[in-house]
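Chain naming follows the written order as A, B, C, D, E, F, G, H, I and J, and within any one chain the residues start at number 1.
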Amino acid sequence: MDRNEVTQKIISAKVRNKLTWSDIAKKIGQSKEWTTAAMLGQMTLNLEQATVAKSLFSLTDEETAWLQIVPYKGSLPTAVPTDPLIYRWYEIVSVYGTTIKELIHEEFGDGIMSAIDFSMDIQRQADPKGDRVNVVLSGKFLPYKQY
Amino acid sequence: MDRNEVTQKIISAKVRNKLTWSDIAKKIGQSKEWTTAAMLGQMTLNLEQATVAKSLFSLTDEETAWLQIVPYKGSLPTAVPTDPLIYRWYEIVSVYGTTIKELIHEEFGDGIMSAIDFSMDIQRQADPKGDRVNVVLSGKFLPYKQY
Amino acid sequence: MDRNEVTQKIISAKVRNKLTWSDIAKKIGQSKEWTTAAMLGQMTLNLEQATVAKSLFSLTDEETAWLQIVPYKGSLPTAVPTDPLIYRWYEIVSVYGTTIKELIHEEFGDGIMSAIDFSMDIQRQADPKGDRVNVVLSGKFLPYKQY
Amino acid sequence: MDRNEVTQKIISAKVRNKLTWSDIAKKIGQSKEWTTAAMLGQMTLNLEQATVAKSLFSLTDEETAWLQIVPYKGSLPTAVPTDPLIYRWYEIVSVYGTTIKELIHEEFGDGIMSAIDFSMDIQRQADPKGDRVNVVLSGKFLPYKQY
Amino acid sequence: MDRNEVTQKIISAKVRNKLTWSDIAKKIGQSKEWTTAAMLGQMTLNLEQATVAKSLFSLTDEETAWLQIVPYKGSLPTAVPTDPLIYRWYEIVSVYGTTIKELIHEEFGDGIMSAIDFSMDIQRQADPKGDRVNVVLSGKFLPYKQY
Amino acid sequence: MDRNEVTQKIISAKVRNKLTWSDIAKKIGQSKEWTTAAMLGQMTLNLEQATVAKSLFSLTDEETAWLQIVPYKGSLPTAVPTDPLIYRWYEIVSVYGTTIKELIHEEFGDGIMSAIDFSMDIQRQADPKGDRVNVVLSGKFLPYKQY
Amino acid sequence: MDRNEVTQKIISAKVRNKLTWSDIAKKIGQSKEWTTAAMLGQMTLNLEQATVAKSLFSLTDEETAWLQIVPYKGSLPTAVPTDPLIYRWYEIVSVYGTTIKELIHEEFGDGIMSAIDFSMDIQRQADPKGDRVNVVLSGKFLPYKQY
Amino acid sequence: MDRNEVTQKIISAKVRNKLTWSDIAKKIGQSKEWTTAAMLGQMTLNLEQATVAKSLFSLTDEETAWLQIVPYKGSLPTAVPTDPLIYRWYEIVSVYGTTIKELIHEEFGDGIMSAIDFSMDIQRQADPKGDRVNVVLSGKFLPYKQY
Amino acid sequence: MDRNEVTQKIISAKVRNKLTWSDIAKKIGQSKEWTTAAMLGQMTLNLEQATVAKSLFSLTDEETAWLQIVPYKGSLPTAVPTDPLIYRWYEIVSVYGTTIKELIHEEFGDGIMSAIDFSMDIQRQADPKGDRVNVVLSGKFLPYKQY
Amino acid sequence: MDRNEVTQKIISAKVRNKLTWSDIAKKIGQSKEWTTAAMLGQMTLNLEQATVAKSLFSLTDEETAWLQIVPYKGSLPTAVPTDPLIYRWYEIVSVYGTTIKELIHEEFGDGIMSAIDFSMDIQRQADPKGDRVNVVLSGKFLPYKQY
């Protein structure tokens, strides 16, 4: 058994029982963004959260233990994603990557925007010309230091 | 001559003359995000904007004409970027890609968040534990249709 | 269980029962192009369509639920397709890609032809020198905007 | 000298002189699709066409000779194209490739749609919800034979 | 079930029953080259041929139906083949590819040698210095046309 | 200087002077297949042949010396060729590779068809339905030995 | 069933029964190098050898038949091997490849060292500074010929 | 300037002056294998050796200094080599890699054959059936240790 | 059965029984670094260690035998690792690789730092600004020799 | 001009003038590790440091300005490095990557060891069996947070 099998089982149970990620997040007690990532095998649950998941998805004891183990992360099957929705994000990195780099360096100097001390918020913005997906990414700036 | 040579010339002039992207953006009359992408060879300038750039970077007539041609986009030299700042964005797509997909589909149904009808805003958020980079991405939702 | 297994089951049932995609499309009530893509795991069915599919292919309740979930898209096993028929399309992109880009930009300016707000129609055109495959692709033009 | 250098020279001259592909096509005496592909180094010109190009782009005798040599085809720098407009076509192959395959085989049997005995027509279709790009691809069906 | 499973079953039966491809071809009633390709999952059988195969390899009705479906072609597990015999053919394409291109263009003009309207004949040629493998490849020349 | 530069110079001279490979081969005194491969940088010329080439293409002494050095072989810029004519050969290896392997092993046992002790002959075969390219490949069979 | 399964079964039996390759080779009656390669699915056994293997590893009749079929060769899971011992050999090819090429050409002219008419002998050489692995590779030189 | 340019200059001088690697090795005072690798940019020369090379190839002071700098090693342009002679060595690693691994482990236990404390000797072995290339590779065995 | 299956079984047992690597290492009697690598299928256990593992993880006799076989090493599923923690190490090699090379060569001359005669020690270093991971890597320097 | 050209110029000057990285570091006033990385184009210098470099390497004003621009990082030409010294580090990540991951998670929980808030110290450790390279890597632990 590995974490992927637990993830598959969770997704199957979600489809079968017609649950939403928002509902699951409320029961887990975290944001829908973190919770979905955790259920998809990218984050580590604590005992309490794993116990909620166990009950929600009818997991065994061993499956519940796996949720508390730090997973091998990376959720995509290919280096360049084929799914159109996910590819659009890859395209943003491809087209705007050097722009993002230039502007963060101009404001902060040499360093990076953390993808670990990081949060994400996805919201619908109503718009008469067609609703928009608004995503706020917030990451701590980490400077390179001299030594 | 191609657009890359013009981009290289613009970057060289910017370094030599110690300009900032924010200053350039004010002169071009657009956001710093769009302007930087345009100067890095990812967007198309109109005649007025190209004329400003011509003067700012001492471009020739042919170089100025190239700025008004739609470029072959994609700013990164490798499919998986090696630069740590840009890689963190690739990692966000890798780790959170399926999460983003699930949550947009849950809210909007099948479709994508456009990377064309799209804007980006990068801001510093002061934080006593270390300032944060906040990035707002806004893209129109485009639904798949049945036919 | 995942969508691929449902797709495999549908294809197996189609082969075994000697159904055609055109017949299936008529029962689903959409074009043969959209219906085939949906049955091959690239599109999302609504409840009514999934119920037709359930009956056509003897699916279980969970399999029917999977058809209503947005799938991870991308139908090919390799980045450069090995199948000769599909490769010819890849070759068209390889040989004519820059031509298509130039001509759409010349007519519309900077932007893309949408692959989401998109439809396709495949027809046989009789020809004494050998019948031809005629394919009409129709995609909304989406302009890049300045901001 | 090779064909790429001639292509670069033609594109540079086109940008500098603000020519359009449609105008060039009229002078060459072929469709805008074929002419653009030829000027971008994918097709072979005959003597008469090359002579027109020589005059239009101020080519030397050797450059004009290169236009009459069959080129090494393939116009894209990477196997998966990074340019958003061209990528959308790659995505169509990725998402709809198996659909196209199934429907052509259902109508014609085993074989391919030729990418050689092939023509393409790109047109603007006015639409109140946003104009559309309509592309008609026409390729001879070539059956696999038994022997 | 998919075609690969049928192919595996056919190969297993051939090994177990110590059949030769030549014998199988005689029973199928086609050349040994076409028949082997068909049995290895690259060609489509008609009803009569599939019925012979059914009997030869003890196939089920569904397996027999799969043989009459156009397969997803491409018989090799990697883009650059590792098997020494097959690699030698890849090497011929690598070393002599531009030579073949030049000589066909010199004789026929721009176009290709078809891999669809194509046949192959493999024969042993006795030679005192060591027997030779002689392979005749015959493909229709398809010219690029102007339009 | 390296062999590629000499190859480029030879091709440029051939285009400029409108020579054919057949003519060059007659002057070199070998088949058109071998001669073309040699001129394209895949084979090694002897002194006499190099002297003919020197005169035909106005080479310098050092360039003539390079023709007599064994080159680093491989004439294609990518592992999967993008040129349609050359790709068709790659497709033959992809689709028929396992067939070729099976039939050679059935006739000869374990071993390979040599790509070194090898010759190739390319001929036009007139055909009322469209002329054909006939290619005869002849390679010595080399058996694996036990030891 | 395919050859890989037979190979896996042989390796499992070897581990379980604590056999050595040298012992197996003695029973098969060939060198330890050839025998190991054969047992690992790279060489073809004759009937007598397969019968010994059948008894040694408790193979079924069909598994024994597979050993007499020419296998699809290539024993490594990735193009650049990850195992440190095997990587060192890949490194030798990477670092010394052009050296080997130059010296063989200097001695023999244009051609290759055969990997088919080839044998290998691996021996321990005692050395007070640490024992050494000595490997003798012997391959027939095959010259390129002109035609 | 970098080491590659020096390597190119050395090779050019060797071709122009019709030197052999054996002669160069004698003047450098090392084996032909080590010397060739060093001249091809894979090994580091000491002052005395570099001075001989300076004189042999008419190098400048800076070029001579580069020969004494440890180079970035790896002599091949692609991960899977295209040159037939070098490919045969890659094939040996591909086909026999697991065999070599098994036999070294059987004799020495876990560890590797060093590619650093390593030497190579390439010799012609006369053979009435065709001369053979014999290569002796000798590398120190380095055991993995427990700690 | 192969080593991967044993590794999976060990990891499953560790998760199920909530063991730590430190505890396991104490029972095996080696460092936590070596022991973890061994349990993850990268090192070879001796009989005594394998017997401890057999008891700890309830292994069968055959599984215990596999632990004493030298494994095919390499613990990552992709050439560029997707897991953020492991990627950071890959990034260190990417960003600092040439620095490490320069400084080791400056101190030791041409050669390598062994990854075989190698040990690693991972420790927590308390730090008021956030605890640090300190890793000491120690590898024997192996010089290239001339011959 | 770009940063790579400045890097090349610095390395050339270092070779020509026989400087050591340690000497350069003392003049720059930082550790030899940071300084070497900065000179190799991976770190950003401040005005004072750039002024020292300008004088040491005879840089122009524009070249000196480039040293103060944050570079596009990544110092290796291929994803899997070919240089033996650098490859050994890649091998450590490949073989021990999952071990490092497990042990850091066991000690710290889910998160990463920073490659930004990071330092490195490379030292020679005398050893009678052969001197060792000791490298201390120190990176801040950054925990994933729930939100």
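The rule is simple: a residue touches a chain if its C-beta (ideal position, glycine included) is under 8 Å from a C-beta of that chain, and two chains touch if they have at least 3 such contacts.
Remember, predicted model here, so these are calculated numbers, not experimental data.
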Selected pair, out of F-G, E-G or B-I, that shares over half of its residue contact pairs with D-F: E-G
A-I against F-G, pair bridged by the larger set of C-beta contacts: F-G
Between chain E and chain A, distance of the C-alpha-averaged centres to the nearest whole Å: 46
Centre distance in Å when chain B and chain C are each reduced to the mean of their C-alpha atoms: 31
Residues within chain A bordering two or more other chains: 33, 72-74, 76, 79-84, 91, 94-95, 98, 101, 105, 111-112, 114-116, 142
Sites on chain G touched by chain I in the complex: 8, 11-12, 15-16, 18, 78, 80-84
Contacting residues of chain G [partner chain E, same complex]: 1-2, 61-62, 65-66, 69, 72-74, 76, 79, 115-116
Touch list for chain B against partner chain A, complex: 20-22, 32-33, 36-37, 40, 42, 73-76, 79-81, 83-86, 88-108, 111-115, 118, 120, 122, 124-125, 127, 129-142
List of chain A residues in touch with chain J within their complex: 30-31, 33-34, 43-44, 70, 72, 98, 101, 105, 109-112, 114, 116-117, 119, 142-147
Of all residues in chain I, those that touch chain B in their complex: 80, 82, 84, 87, 91, 94-95
